[in-house]
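Both complexes below contain chain A, partnered by chain B and then by chain C.
So, the complex of A and B:
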C-alpha cells in the first residue's frame, strides 16, 4: 500500500497521484523516502496579502516531502559521488569554513554512530546540490511551515498552547552534544523530525523578511522595497516559528551552523515544479 | 544568486531600524569639537583592547586624555546556569554571565565591536547598545548566526552609563533569557575617584514552574507576555550577591554603583536599606540628584549611585516594590566592615516590654510615681497606683488581674500564705524567678516564673507594694532602696526550701 501514511481524508485525485509518485520514488535510492502531502489552504504566520498586520490564506499545491532530514550517512554518500562537495574542495563562495567541520575528514564522519544523525554544518548551496542529486529541491518556507504545523494527530495544531510549549522547549535549550538519530514520531502527514532535532534550510530563506518585535513596523525605508508586505509576523505568540525565521534570516547561503540541516521536497507529478 | 544577495542586504538593513530615536540618548551638552559634541576627532595612538569584566566587577578607569580606537570582543554563549538553589535555567549571555560583561570606554573613542556567536549556540543574536548613535544601536550590523562573527564600528559621542541588549526576534525572549549588560562611556576627564565600583543589574525571569520549584525550568512565554515574572533578580541568580558573594566595603569609604535594569518588563525602585545615596546620576544622565533614598531605574535604563559608608553592617539592596524582594529574589547585600560609630548609629539601646493599650490609661500613675520618687515625695498611694498599672501589664497575664492566679498552674497572690509569710522574699522571686514545686494556700504548684529582669527598681517596688496592699494581703511598703539592695545580693529562691 504505497500511500500508507496518507490520511484517509485525501481527495481521490490526490490519492491517485500519491500512489503514482510513490511507485516512481521507490527507485530513488536508500533513505530517499518521501511522503505526498495534499495541498490545502493555509494561514502562514507571515503575512501573505497586502496588509502587513493581517494574513491571507494561501493555497499550497500538493507536494512530496522527505520523511526525515538528510542524514550524515546519506550526505557522505553524496560527497563521495560528488567530490566537488567535499570540504577540502568546495569553493569558499559555496560553503564557509565551518562546512562539515565536525567530520573526521572530507570523506569520514565524526564517528561511525553519526551516519543516522541529521547532517549539519551544511550550506544552502550544498543542501540544494544534494536535493538536485535526489531529483528534488529544497522545500519553500510555506511548504515547510505547512508540513510543520501538524502534530501527531492534527494537520494544524498551532493553536494548541501545549503543543507550542513543547516545540518552544527545544528551541530554548542549548545544543545537545550529540544530535539524536532521525526517525522521531511521524506527524499527521507521516513526516518526522520537523521539530526538536535541527533547524532546516528552505529554498527561499533569503526572502524571509522579519521584524518580529515590531521594532521596524511601518518603517518607510523598508516599505519602499519588494516584499514589504512581509516585514511582520502576524501571530506574535508563535515564538517557535519566529525563532526559526530569525535563524534563517541571520544566514547567508554559504553559512553553516552546527544545528542546521535540511530535507528535500518534490513536486507531485502533474503539478508545476 | 545576485537577487539573494540583494535581498539579504535589504533585509539586514531593514531588520532593526528606527529604534535609535527612541532608545539612544539625545546629545547632551558635552565637550564640543569641530565635528560636534563628543567628537574629539579621529582615534589616536595604537588600538586598545578593552578590558571586560564579569559582574559585579567593573573595569579600571580609562585614564586616558585622547580619543583612541578601542576593540571590544564579546562572545554570545547559551548555557545552563543556576537561577536559584537547585533550579536550572537556560540563559543566553553576553560573555557567559548575566548581566553580560561590563564595557568601559572614553567619550570620543572609536569602538570597533566584534560580536561572536559561539558555534554551540542554537540561536542567532545581535547587540543594540544604547550608547551608539545610529539605527538600531548596532543591532542590524551585528546580526550573527551561530558559529559566526560580526563587526561594526561606532564613535561613543555621549558620555554616560548605557544598557546594551540583544534585539533579535523574539526580542522579549532574548532579553528575558539574560541578554543585557552595561557600557560606561566615561567623560573626557574620567569620573571622580572612589574606593569601590560595583556592577549590579536587575532583570525579571519567567519560568513555567513556581518560584524556587526545583529542576530545569523552561522559559514561560505566556507569563512573559502577561508580565508576571517568577523571579526578579540582581545579577541573574538568587544569591548572586549575598552570603560570601556579598559586595564588600569598609567604613568611611566611597562606593559607586552602576545599576542597570535589563527588564524585559519591570521598572525597578532601587533602594539600599540603611543607606542614602549622596549622589545619583538618575537615568544615567548628566544631572546629579543628591540625598536620594530610592531611585527609579526604567527597563532598558541605568543609573550611577554614589554613597559613603559610615556604619558597619549588612546593607540590603532591594527593588522596593517589595514583594519582588522577599518573594521573587530581588535581594543583594553590601557588607560594610569596620568600627562602630555610635554617634551616628547606636545599635539597640532598649529592649523592653511595650504595654500598649492595656496599661495606657494608667501609665500616668507610673509617670507620677517616677517623678515623686525623684523628688523624694513618693507616697504609699503613689506606689500603689503605679504598681496597679504595672501589674496589669506585666503580672496579670499569669496571676490574673484579681490576683487569684489559675488553680494548679499559676499560684494566687491574693491572701497568699507564701507571700504574706515573707514579703521581702517576693523581691527575690520577681528579680530571680521561681521554679519548681511549691505549696500555696494548701495547693501544689510546679511551674516556672522567669526572672523579671526588664523591670527597674522603681517598678518592682511599686508592683510589690500594690500586691501587698491588695486582695487581703498583709500590707506594707517596699522601697526602691530595698529592691536595689536585693538586686545586688539576692540569690535565686529555692522553691524546695518551703
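So, the complex of A and C:
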C-alpha cells in the first residue's frame, strides 16, 4: 500500500514508481530502507548554467534515497561479506590510514552500541562500494541538496531564516563524543538525519569546485577550467549548504574523517539511472 | 536482486581481477605486488582509440604522463595535449620512447572510439599515446584518484580542472602539474629521475 502513504500532491508517475520501489524493497532485505522522492524543478546554490553568476533551475529526476545514513552495523556486515574492504586489506589508494580507525578491529565495532550509529571514517571509494553492494549508488550533490532542502513540513524550507539558524546551530555545536543513533525526525519526504548528525559523501564530490572570489572570473585562473570557468555560489545566504560544499570540495576520494558518513540512492524502477 | 548476489558478483569480479594480474607476467619473473598507493589498483574497463580494450595496469613498467579531457573541449584541452608534447620533447631523444601518455575522456557519451581516433590524429599523437574511454562511473573514480575535478553543465560542456600527472613505473603519482603551454621544470626533473633510475 505504498501509494496510499505518499503525499497527495505527487504526480501520478511518482506514485507508480513508488509502488514499484516498494516491491523492490521487499526483496532487498533489512537495512535497505529507501523512500521515493518525486524530483522536479530545483534551484541549487551551485549555478547550473553556462553563466557562473546566474542560477538556472534544474530538473531532478525521481529517485529513491535511503531514509537513514548507513550505520556502522550495516557497514560491518558489508566488510564481512567483502573482506577486501576491511581496513587491513584495503589498498591505500582507496582509503587512507584513518579508515574505520575507531573500530576495535577490521571486523569489530568500537563497542556493541555503535551498531546503530552512522558509520564514519569511510572513504568515498568505500562508500561507493557499499552502495554497489546494495544495488545502489551515492546520491549526486543535487539530489542530496534537494532532499536536504526540506524540513519536517515543507519540501523547500530554505527561505525560512529560522530553519537556516537551526541547521547552523548544529555546526556551531562542539563535536559530541558519540554520534547519535540514526533515526532522527523525518523530513517532508520521510528522509532522516540529513542535518544534525554527520556530513555525507556525494557521488560527484569532486565536481563542486568553487572560485573563492567572484573577481577571479575572467582571470587567467579560469584557464584552469574548460567551459564556463569556476563556479560561483549563487545564494550566499545558504551558509549551511555552503559549508557542506566547502568540506566536500576539500576532500580526496581516499580521505576519511570522524564525522563524514554516507547514504545511498538509486533510480526508481522504470526510470533511466 | 538481493544484496548477497550483488556482493558475490563483486567478490567474483575482484577475484577475477586478482587472478588476471599474475597470469599476464607469468612468463617473466613474477612482478612485485602492486603498491597499495598505485592507481593501477583501479581496474576500469578501458578502450583505446583503435577500439582495443586494455587494462590500466598494462601501463606498468614505465613512467606514464596521464591526464583527462573531453574531445569537444576547445579551450584548455588542446593545451594539455600540447604541453605533454613539449614535455616529451624536452627529454633526450633516446628517452622519449620510454614514456607513455594516457589521456582518458570523461565524456564517454560523446567520445566514441571514432572520436578518440580523430582527436589523436588532430593532436599528432604517435604510438606513445593512448586515448581511452571508459564508463561514466569509472571515469569519475579515475578522476578521483588523479585529483581531477569535472562537472557537466546543462549545455553538455564541462567545467574541469586541468592537470597532468606523472605516474611512476608502478602507477604511483610521482608529480603533478597545473602548468599548461609550458614545460613544468619540477615535473620534467622527476620524469628524468624516474627514467634514470630505470637505467
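The rule we apply is simple: the second predicted complex is superposed on the first by the 253 of 273 C-alpha atoms of A that agree within 3 Å, B and C clash if a C-alpha of one lies under 4 Å from a C-alpha of the other, contacts with A are read in each partner's own complex, and residues count from 1 in each chain.
Going forward, contacts are C-beta pairs under 8 Å (C-beta built on N, C-alpha and C of every residue); 3 or more make two chains touch, one makes a residue touch a chain.
Owing to the predicted nature of the structure, the values given are computational and were not obtained by experimental measurement.
With both structures placed on the common chain, the touch criterion links A:242 to chain B but leaves chain C unconnected. By the touch criterion stated above, A:56 is placed in contact with chain C alone, chain B being left untouched. Applying the stated contact rule after C-alpha superposition, one finds that A:84 touches chain C and leaves chain B untouched. When the two complexes are overlaid on their common chain A, residue A:98 makes contact with chain B while staying clear of chain C. In the superposed model, A:206 makes contact with both chain B and chain C. In the superposition on chain A, A:252 makes contact with both chain B and chain C. Legend: residue contacts after superposition of the two complexes on their common chain; A:132 is shown touching chain C, with no touch to chain B. Comparing the two interfaces of chain A, the one with chain B and the one with chain C have residues 206-209, 225, 227, 231, 252-253 in common. Those residues of chain A that touch chain C in the shared complex are 24, 27-29, 32, 48-50, 56, 58, 78, 81-82, 84, 91-94, 124-125, 128-129, 132-135, 137, 203-204, 206-209, 223-231, 252-253.
Across the complex, chain B is touched by residues 96, 98, 161, 164-165, 168-169, 171-175, 199, 206-213, 215-216, 219, 221-222, 225, 227, 231, 233, 237, 239, 242-243, 245-247, 249-253, 255-260 of chain A.
On chain B, the positions that touch chain A within their shared complex are 1, 3-4, 7-8, 10-11, 13-19, 78-80, 90, 119-124, 136, 143-148, 167-173, 177, 208, 218-219, 221-222, 225. Those residues of chain C that touch chain A in the shared complex are 1-4, 6-7, 10-11, 14, 34-39, 41-42, 70, 73, 75-77, 79, 137, 140-141, 143-145, 147-151, 153-155, 157-162, 178, 180.
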